[in-house]
Amino acid sequence: MRAPRHEIGQDLTRRKFVSVAAAGAAGYLLTACGPRRLHEVPPDQLREAIEKMERDYAERFGTAVSVSGTGPAPGVEFAYALDISRCIGCRRCVYACVEENNQSRDPQVHWIRVLSMEKEGGVHLSESDPYYDPELVPEEGKFYVPVQCQQCRNPPCTKVCPVGATWTEPDGIVVIDYDWCIGCRYCMAACPYGARHFNWQEPTIPDGELNTEMHYLGNRPRPAGVVEKCTFCIQRSREDRYPACVEVCPVGARKFGNLLDPESEIRYILENKRVLILKEELNTMPKFFYFYGT
Amino acid sequence: METLRMFIGFYAGSLRLVSRGNRYYWAWITFLAVLIVSGALAYHEQVTVGLSVTAMRDQVSWGLYIGNFTFLVGVAAAAVVLVIPAYIYDWKPIREIVIYGELLAVSAIIMCLLFVTVDIGRPDRFWHLLPPLGHLNFPESLLAWDVLVLNIYGVINFVVVTHILYRAFHGKPYNKNIVVPLVLLSIPMAVGIHTVTAFLFNGLAARPYWNSSILAPQFLASAFCSGPAILLLVLQLLRRFTHFEIRNEAIWKIAELMAYAMFLNLFLHGAEVFKEFYSDTEHLLYARYWFLGLGEERTLVPFAWTAVGLNVLAFGLLVVPATRRNWVTLNIGCLATYFGVYIEKGMGLIIPGLTPDALGEIYRYLFTATEFRIATGVFSIGFLVFTLMLKVAVPITLGEFRHKPARTTS
Amino acid sequence: MHKAWPFLLSAFLPLACGDPPPAGGPGEGEAAFLQASESAEERVEVPPPPFSPGIYPCSACHSLLPTNPNRREFTGFHADIVLSHDEENRWCLDCHDAENRDLLHLANGAPVVFEESYRLCGQCHGEKLRDWRAGVHGRRSGAWNGHKTYLLCAHCHNPHEPRFQPMEPEPSPISPAETVRGGQGR
């Protein structure tokens, strides 16, 4: 004999309520305790996450590493200036970056790409060549424009990420949470400067070449299937040091500093030199300025 | 209890239906199964080695998968070509077959979601998209919008068809209060899914080939001709192999609507070509690469002109009533539409958009065997789902598959 | 560098008067030395000048040799120095001080120590000097918001042949089709 309809209805409602409540509670617990974006994780959980990273990397690479959690300093907005009358296209910056930032050697990942262009044509990206390979540089009639993440103030990449894995830090560096990125590569399509790079395979770093001074948003080794890019050497710049590319450049073409400090080299350049930015009509407002020092 | 019995009866009955068929049916199922297994093995290789097994690289970071995804979103949206005459104009010939458009939409949405899954670098992290555990960057990210609208559209269509079919299975009419609002909602949703998909391309200032206002209308136009193309072929097959009846007028009307959609598609493409070639800025490089090649780089040129040729042929065959009513030319027109749009909206959208890349480099993308196997595997899953759903839906609509109520005991 | 102090002090002369060098005591020498260098605020801290090994102090030889201010080709010592720096209008003693080879001198004759050779270069290359003082010309290392080190002009530019010699570039990037282990399944 079937139970009267209204009792079934009541049962259903109660059962439904309990199951929904249980699901909600489980969801809340998982959200509170489970993996979260490093962007919104509270400081103590961040510290735990960083310590776990240090343990994992130490185990994986067989050497002690330190992962810094240094946050942005107030009153700092990083900017970069590159003197294209000086760059000779030697690519020392490219490889200094590779070593400093633990980029994969095979498959090869370069965060900096040096484009050679004809002096007569001026800065003309569609006529540039990144694969120049002469005996000596600079070549006759050519000049060189290195391109890396422009750390835009109006970044198209952070807008498009569907999971919010990339954002701009208060000191102006656009960073990626490598543990949150799902590898959809929408940000790579959105970047007008080709500055974002994907790990198409498991990255490899040769033994003994690991840079053990890391930052959780910067040069810690990335897994396969995520996007990475220049972070203005966040592990160095947040400890007051110049990025590796700035220090290694043999001709002093690279300048770095705090845009908000009126005494900085960057401000001097903006005030006294003719600066240009790439693809400025796209209104990305890069913090990477090219200038002619001569 | 009766509810459960009815449900089990439906399932058991459906299983019986799909496990019986003639040799063409089994040949088709076997063919799809082989492709699915091949795709699964290829996907395993991709997951273990990495996306390097595809031809995608930093310079061309989207390829076959996203091209197919874009095309299939269009196919899913095409259900609206049937829904509007059926529900808004209450035109009976199409009213009888609208459900097949909705089934196609569900299969297409499944394929879209699968293509996105096989494309992302970390499929194990897909839950990062789903609140509350994940974080969906809505409303800033168009991909977040796409995730929402595609799933909502898929659910709407799924609920509508299963409700209608389940009720029909029991010999009862469907509940208008459920179906009508959902169906009416599916109309703007159909336009919505394809508009959002178009927006996710045309919002990118970094890619001038995509950064064009007409991309959204163009997507809709090409969707409204390519989706029904498959449907017309399927409906004719159903007519041939089952007792399914469909009036010729319905087929011809759909073909006529496809012709107008194709005209709009060609017109919008023409408008784009004019703007690029006449203004003759550097943004022309991408269209030039597609249609004429750049210097020695001419990999895509044959595809470009094949697509144009097929589209023009399709338009011609479908707009002229005589060729539209002739079954041979109609089917040629449908195939031409399908493949023409497939080329120009799949590879023909993605690759020229990314070539030359942001720094002017030309990388010749041509999908690898592994990529092709995975893509055919996904298509096969979609076709299999569609086939199985049809195998159940057709007998239900014909009244051949009905619930047999148990003798009630009191 | 510090070992040169006694030499500098003992060999120094009050150039302003133009008299032949008396053996001045430490007080006079120091005052004269101070003339050759900038005030403390303006002086830029640099690493030691890049002398060729053993070449400094120049007075080790030159205090014993007669001064010949006439322009000529060298055949013995210093013949290896190629002068390619406005050599049509200038020669060695237009920068090196004729009377005291441990110093350089400006256009007006004022002495300059090697540690401040930038003041000499800055006479003609004024913009570069301004940029260099601001840290915009030339390499720097250190902290972007703290202590930074400068280099002398001479550390990067050979003063006799300042043009940068071309150098070997690092390898070009691998093209995308080959950017993976063992290629892909084409």
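Just so it is clear, A, B and C label the chains in written order, and each chain counts residues from 1 on its own.
As a working rule, a contact is a pair of C-beta atoms (placed from the backbone, for glycine too) under 8 Å apart; a residue touches a chain by one contact, two chains touch by 3 or more.
This is a predicted model, so every value here is computed, not measured.
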| item | value |
| --- | --- |
| Comparison of A-C and B-C by number of C-beta pairs in contact, larger one | A-C |
| Maximum centroid distance from chain A, chain identifier (CA atoms) | C |
| Distance from the mean Cα position of chain B to that of chain A, given in whole angstrom | 36 |
| Geometric centre distance via CA averages, chain C-chain A, whole Å | 40 |
| Between chain B and chain C, centroid-to-centroid distance (C-alpha), Å | 73 |
| For chain B, residues contacting two or more additional chains | 52, 57-59 |
| For chain C, residues that touch 2 or more chains besides their own | 175, 179-181 |
| Contacts with 2+ other chains: residues of chain A | 107, 113, 130, 200-201 |
| Residues of chain C defined as touching chain B within the complex | 175-177, 179-181, 184-186 |
| Contact set on chain C toward chain A in their complex | 131, 134-146, 156, 164, 166-175, 179-181 |
| Touch list for chain B against partner chain C, complex | 45, 52-55, 57-60, 363-364, 368-370 |
| Complex contact set, residues of chain B against chain A | 1-2, 49-52, 56-59, 61-62, 116, 119-123, 125-126, 128-129, 132-137, 140-144, 147, 200, 203-207, 282, 285, 353-354, 356-361, 410 |
| Contacting residues of chain A [partner chain C, same complex] | 76, 81, 83, 88-92, 94-95, 106-108, 110, 113, 130-138, 200-201, 237, 240-242, 246-247, 249-252, 255-258, 261, 264-265, 268-269, 272-273, 293 |
